[in-house]
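Here the structure comes first, spelled out in structure tokens, and everything after it is commentary.
By written order: A, B, C and D. Residues from 1 in each chain.
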């Protein structure tokens, strides 16, 4: 009894701790720097969140399945580049944009399926497979572009990530949409239940008739599709496609997932935790920019926040299990 | 006896050996310049620092953990040592190494506290420490590269054990610093194979609860492993500084995943409990061979990333599949 | 009138080059009292830099002076900045659209060519040479080596580029390893040209170790603090650079002038060394700010950074 | 020798809100075999962990050889000569047999170096003593369960134990191996070593024990010489109720549920054929490695058969993967509960519905409410001692967890239920409950296969029993025409 309520509470507790931190930062910054809560800063934050937020979801889902996906950035750039190439070759009209987006999503899906197949069928550790995958997909991206960015993309495509609806950036709406889909996938579908069970114990899930290979491939395919979504957003946001955009996001997304309470051993992690952790990191990052603090301090602070929150939850949990 | 030979020929280590040989033959055929003693010298030099990292990573993984903080620790050790020595006009080689080792050890101890006492998953703990360390390093010491190292330190890179001059008059000298990884490998081998403490590391990685029940000092072992890893990372940082004749506060960042890949290719199981020194050396050799002979192979620049990825994935697949096959076939 | 807020955004803050730029910005603030500050991503990533600029737009600065890591990635966000009424000055980014002005320390093509001139001089126009770039994706590095190659084809037909461009990932040890490999694979290399700051230092270390110092000529972009040692030792023949501190100052000064509504025309004088007689073409202002450092002037305290 | 070696006084232990031990007294004397009995979850394992220093008691006193010890640590326990063979043996799968055997001794003597030759010698000597034969250089992960237990026993033998505790040592052993184990234990007892053993099998308790302590719900119910107990009192004390185990007599029916013809898998079993009629409970037994477990794995698609035919309700089906098996409503309760059967960190609810998730996908979403309701019902129906569907299953004792594994499959409404060692580690009361359930299911027309080496269980519950030898069917017997001794003889005869 105690144990499971603890587990439930623990995941929620991390989300709660993150929420408290976020509120404190927002209040402090709001009071000292009124601009922080101004429309344009909020908008700015909402524009930044989707790219790495969606990547973090991909990382999260792979980690819940007991793996990890280090190839996300590679997938993002490769599918972004494919989208750009398709768009340019089809003339840049609306039809070409839709085709390009579909092409990008299928590239993400295929890359993910490839990862998933090797991880699930050949049973090679996910860390290795996706690390090789990162190299491989970035390599293909580099072969396509030969280095320089692909530019000259249609204006209307650029509006996807740079436009707003009712003052809210479209990217943020996409992000909310993806969050809802992810919640649905993880909490309300057979797949979601299976992925948590499989992440907890691969052998037992097999002995429960769960098709591990299918779930693994599905997981990495979803992760890959998230990667390509982020890729499309990046291409649209930067109105160009290149093989090295977002190269710093791999470790960042790992940090976000872990900070959001996703257990690297698999089977545990909730969407709300990860969303809170994405928001907190963005708040910290924007605050530091407003405060004109050196970027290194930001890196330092992320590590510190991670360790402090993990330590705090550990201490609270230990005290609770004592009484 | 026949059975023994057969199992020996199909060990993970031997599979990596086959891949290395295959690759070497291929490169040698494409570019005869490869078939020379210089290749051995070059390869040793290339592997030098990576091998130190890989050794401590291997030990950490064997104990059931993982460490992604060593590049940050090495960078801090390198730049801090460089700065302190310059500021205080110290020009003493042992002092440099001791300083690097101490800095590394203290950060390793931080890892150990988080993992062994606070019981944080190792990936989380070391990721956090890595982020903090690299941020602090740049904030404290700045981004500036130090190139005016103290004289003795600066000259050490030229001291060599063995020099080979080829027909064109190019000299290939094997630096004396190669002794550091050799020493560490030897030490690691003795420790892991022949001391109870080393066996304890395997025991902890195999089943931490059983290790506790058996009476191993599990906390002590974890502390040792992470402090050892930190210390070695510090030493690797100083070694790197001497070899490159410069201290750079962020140059090693991002190398962690490649090192882990090398270690796992060498037969260390990411889940802990399995791993050998020989395997690790072979894994590092394989990756070094791939990464450093693409020009020899004539691979065009923008294909190189892809080719490295391809060879890595083939390498891991073959070793993993073979290992799986072995595990499935024998059951007594 | 001088209560403008001006942000200077480098490609990344974690390398010495841009730390030097920070020094320039801070000096300039002290000298003139303008509210300028230096902020940027800690890693080299176009996406990260765009995020920093998003934040700056949100804060409502008056001008952004930026050294784009990836010019293409910044177009949309700089467009947005300009739409928000922010003055945008770029550096090392000729050919960008969504800027008020770009200020170049020099003409990239000419800068690349001058390396090959030197190589030709040193080798007598014979032999093979190697071109290094920090990243295949870096626009300016590619412009330099392309310029260099073009000059060689025109002027030194007996020379030949060996293999492909070498990508060093801005990492000294990668440069070192690859140059070593190249020299082993082909001992006839006569010259090496580097682009990223660490390129020539890595190359020099390799050449020195292989006992080829003097035989292989090395030129390229670098700083005295990074490669000065090898220039002194003679392994590197010449390094060239422009002072990032001056570039930083020049960007701010230009931003101030634009904000104040002054007319920007050919021959503009920003009052900053190397940027006293700027040539204007389209939106690009080009200075004469590159410095060649050889054994003779390596110890000049003015270059000690 | 009747000195008291260990005395526990008024031991309490709680986990969070769960009171696992409530004031237990226990005395163990040197030179006796002391049996600890109790239902699942009655606190036996917890008590053992207190003695071995793995758990600190919340309250209570421990005396070893008359001396009071406070804060017993695992090392101290070992130094006092207390050796435990845990249910999962607590051995190292990644180390060699020799190392596993020699390890504890080396640790407790404070050895600094690893002496491989000495370890090998020790291992061979220990194996000699109990008649085991293994390559000392092989990794334990490559061993079968029985051999792993041999390793664990060897380890304690060389450790000069004064008190040897075995938590359900016979669970994974065949009857022949059990006899061998008992010979060893008696020999140790005669050397003056105190032996404490946890066992659920009634017959075995009466065969081996000198003295008996019975726990129920964390309390000591009774303790005394084995002669003071008869079966009836034992069962009464254990369960608090009267249980009469009667043999199962199926109502015969002609309609066939399941048939297998010439099933083969290289290296595992060959030409296996059998059929199940409505109401039948089929038993499969055999010595270790006779292929009995492999048949279960094959029918569930874990390691599918390579040739042969399978018919369910007369229709031919193909089983190439677990997905095929599930599609054909074949259910499988695997042998190794901890790793194969349970998601230890997940809730009872998740464990219960793990095999039938699809069922709860209603109108586009998973219905957690119905899941909760169903789980609650199963907990009641199957007699699992659990407060609610919410706690993690790792907080349940083994027997209760096993009931959930069975519930997981019953929840799929199977057509064929295969149980591999269904009551390993399950107490008499729960065993009875499970057996009753099997009978009821059989009557409902569900085909039931029980793979087991618990002979009384097979005789009581199956109407026919297949005996496997070397991967082949050596014979089929009607359980009404055979008794335990005869069956045991058939099993061990060549």
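Basically, a contact is a pair of C-beta atoms (placed from the backbone, for glycine too) under 8 Å apart; a residue touches a chain by one contact, two chains touch by 3 or more.
These figures come from a predicted structure and were not determined experimentally.
Participant: I want to compare two interfaces, B-D and A-D. Which one has more contacting C-beta pairs?
Facilitator: A-D is joined by more C-beta pairs in contact.
Participant: Averaged over CA atoms, how far is the centre of subunit A from the centre of subunit D? Could you give it in whole Å?
Facilitator: Using C-alpha averages as centres, the distance is 44 Å.
Participant: Centroid from C-alpha atoms only, then distance subunit B to subunit C, rounded to Å. What do you get?
Facilitator: Their C-alpha centroids are separated by 34 Å.
Participant: Find every residue in subunit B that makes contact with two or more other chains and list them.
Facilitator: Touching at least two other chains: 135, 138, 302, 304.
Participant: What parts of subunit A, by residue number, touch at least two of the other chains?
Facilitator: 142, 145-147, 294, 296, 298-299
Participant: At which residue positions does subunit C touch at least two other chains?
Facilitator: 13-14, 42, 136
Participant: Can you give me every chain pair that touches, using the contact definition above?
Facilitator: Chains touch in the following pairs: A-B, A-C, A-D, B-C, B-D.
Participant: With touch defined as at the start, can you tell me which subunit B residues reach subunit A in the complex?
Facilitator: 114, 118-121, 123-125, 127-139, 257-258, 260-261, 264-265, 270, 302-310, 312-313, 316-317, 320-321, 324
Participant: Would you pull the subunit C residues touching subunit B in the complex into a rising list?
Facilitator: Of all residues in subunit C, those touching subunit B are 13-16, 18-19, 42, 136, 163-167, 171-173, 176-178, 180-187, 201-202, 205, 209-212, 225-229.
Participant: Please output the residues of subunit B touching subunit C within their complex, sorted ascending.
Facilitator: Result: residues 31, 33-34, 36, 38-39, 42, 46, 135, 138, 142-145, 147-148, 157-158, 165-166, 168-173, 240, 244-246, 248-251, 291-293, 295-296, 298, 300-302, 304 of subunit B touch subunit C.
Participant: Mind listing the subunit A positions that touch subunit B in their complex?
Facilitator: Contact set of subunit A toward subunit B: 70, 118, 122-125, 127-129, 131-140, 142-143, 145-147, 251, 254-255, 258, 263-265, 294, 296-304, 306-307, 310-311, 314.
Participant: Show which residues of subunit D lie in contact with subunit A when the two form their complex.
Facilitator: Answer in residue numbers: 15-18, 300, 302, 321-323, 325-326, 332, 334, 339-347, 350, 353-355, 357-358, 361, 364-366, 387-388, 390-392, 394-395, 408, 412.
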